[in-house]
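Some notes on the structure that comes next.
Each chain gets a letter, A, B and C, in the order it is written, and its residues are counted from 1.
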């Protein structure tokens, strides 16, 4: 019960506290404390110093042990930079948004933790809908027209998507008809144990509905549009939160059903669906990178690209699956860095259009260099982690029975890299005619500190490659029936 | 035995022929009361018919023999259709396997000749009315087949008399089925007999008429025949509706007749209420109204066939 | 009894497809909520328990009282015109609905052979899901989109009773709460959209494009 209260109850409590405190600084301290506690605890659970025993609809397994620190890590850094972010006025109306900012963040942590730790499909569904509800008002932080439209679209499309996932869950109940599971609750572990008895027709339908429904939230093409709008129009910390942890939480649901499908005859079908989804996402990112003229949108498409790679990796299986699990971690770390630095640029130039941004390296040297480094990192340049995870995925694809996918993927990734680089370097180096640059040293802020730490972490995890992480991922692979 | 059955059938037909103007009168009277008027006397339709009967018939010089034969054919077909309907538990005069199709097409034939006659006169107004009547008939036809036809389909019976006798109300889902069917038939009756909200029988503007505009140029005996057959038609649909409710009572002839009288009265009240509270639809909304009734029929059929 | 309620549910869907009044949508939502409540209460007639009535009572409060009132309030506050502004003819819409209904019924009858489901509520629920999506696609007003979303949710609910899934009550209550909050947030969003973007239909939402 102790760990339950730390992980789930305290965030809720602190959300309530934030409602009653009007002072932003105090709200921030409370939230930061909670997030640090959460981070420490989830790391402890991950390392294995603490064996949690969670009540009713919650439990841990190696998958949730991996995803929990990913969430609390992203959340911690987001909260850390949030205060400095809120202090600076960005638009005239955003004052109003501050009041509920930390409350919603806390609620988000509550809902998301519940989603990750749940071992029951119903609980997972309720919690994931809760994350949508807490994130939607945060998207509207700027209180402008674009943000409003993005919020509406996100709220509406994702709600419908999740409703579809619920239909999928009902189908799953149907598939259990006439087996041992009939009349029992929808607990994941039970389903995994008796998966081979499930009715294949309904299981197939269930997989499709859950995958399509949740892909509105994961941002897998062709259901990605609301996600892109939301990530590109929300404030940078929220965008980082969505790209780094929310999409991953939705991915968890797809992985759960994938795990159930694994020993059945539907497995090949599910794999094909995941591969198609992954490739389609890559293709969408590839197409839109050609014409994108909004750098935050570009980053949103990059998120789609990387979630696509992860889905592809899961679909291929084998070594690619292990790579995909590593990729989840690295991608989430890297996305925080990218969105934080992009947020700095946005704050200075007051525009998201690439046209309006020039000579960043001279005007904002810290942010400029950091965004360049993080761009290199996201493009899988060694020694950053993404290089290793992508390498693993590629190797997995190469030795699978569909090696041609590798050629397609490489081709798409190459052009994504070129176009993204072109856009970014234009922002960094281009000088407008007659522009006089006042060399002013950019103040070193907490956001830069966070970025540097995260980039170092990206290298460190990849280079040191801790055994615990590796063991955990191997355990996950075992759960998914993958022989390495 | 055979003779008595035949006699009952003849009585049924006579009842239909005699009472049909009274039903119209009743509906109109009730409607007047609901809208706060005194209204025409109950027997006004009879007076109208009597007046028309004495008037001279004048046909347009442009018209051909169709205008001459159409009113007679119209009445005859409707009377034949009326002869197929059971009143009480009596077997109607015309009753054989598959008479449900004959019933539908007898009424169809009546409409066909009316449309033809309206076109024959060559007036633009009547042509317009004929076009409308034909258009809406397209949407009204499926209603009949999806309601009465679905009962036939379920029971495997094709005679109206047998179909109505097969209706049993002991099964709950069957009960709902029948109730929904009767709603759908009510819609059909409103359409076929040009009542509100599809058509306003009392309208005075030719542009908005459907049925009335087609008989604008008829007079005397011709008009008498048309009017009388339209009264008959309304009564036929009312009987179709009442037949759904027979099985509530005991299966004896007297009880059947009592139920008949009661349901007809209730129906006239329902019809007059619905005419009082609704206003006429825009012409373009009528197809969707008819499709709505068809949809009910389809739903009914689906639900009944897929009930385990 | 389930069949009777399903027929009524389907009739409400037909009415939904031909009506052109915003108010009628709210009434239909109320009616559907009532049907679902009756559906939930019905099994408890024989073995009554107070505890089992919590879910129907909550459903009644949320779907019959609170949400319709809230939508009515939005309509009044924003002075939304009473016609729904469809993008296709009601006749075509109804044809679509009938067609999809027939397909869903036939398909679920085939499927019901492989699993133990109640065909009629199952198919009615699924039809409602399809109709909800049609409403969202073919109507312009955002408030009608919310209504379409709710019809979809009602359909899922009916559908859920047909597959006899035994979700624990806490989770059922959680889903109800989620739906309520979603509608609440959507209402706030529509309010904001009408004040900042000067309009309340989808045509004002065209800013975000690639």
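Simple rule for what comes next: a residue touches a chain if its C-beta (ideal position, glycine included) is under 8 Å from a C-beta of that chain, and two chains touch if they have at least 3 such contacts.
Because the structure is predicted, anything quoted here is derived from the model rather than measured.
Student: Return the chains shared as contacts by subunit A and subunit C, ordered by label.
Tutor: Under the touch definition, subunit A and subunit C have no mutual neighbours whatsoever.
Student: Which chain has its C-alpha centre closest to the mean of all protein C-alpha atoms shown?
Tutor: Going by the distance between chain centres and the overall C-alpha centre, it is C.
Student: From subunit A, which chain is the farthest off, judged by mean CA positions?
Tutor: Of all the other chains, the one whose centre lies farthest from subunit A is B.
Student: Which integer distance in Å separates the CA centroid of subunit A from that of subunit C?
Tutor: 31
Student: What's the distance between the Cα centroids of subunit A and subunit B, rounded to whole Å?
Tutor: 66
Student: Can you compute the centre-to-centre distance for subunit B and subunit C, using the mean CA position of each chain? Integer Å is fine.
Tutor: For subunit B versus subunit C, the centre distance works out to 37 Å.
Student: Can you name the residues of subunit B that touch subunit C in the complex?
Tutor: Of all residues in subunit B, those touching subunit C are 172-173, 176, 180, 285, 287-289, 291-292, 294-296, 298-300, 302-303, 306-308.
Student: Per the contact definition, I'd like the list of subunit A residues that touch subunit C in the complex.
Tutor: It comes out as residues 57, 120, 122-123, 125-126, 129-130, 132-133, 136-137, 140, 144-146, 148-153, 155-156, 159-160, 163, 166-167, 170-171, 173-175, 177-178, 183, 185-186, 199, 201-202, 229, 233, 288, 291-292, 297.
Student: Which subunit C residues qualify as touching subunit B in the complex?
Tutor: 1, 3-4, 6-7, 10-11, 14-15, 18, 89-91, 94-95, 97-98, 101-102, 105, 108-109, 112, 119-120, 123
Student: Please output the residues of subunit C touching subunit A within their complex, sorted ascending.
Tutor: 111, 114-117, 129, 133, 136, 142, 145, 149, 152-153, 156, 159-160, 163-168, 171-172, 174-175, 178, 181-182, 185-186, 189, 192-193, 196-197, 205, 207-208, 210
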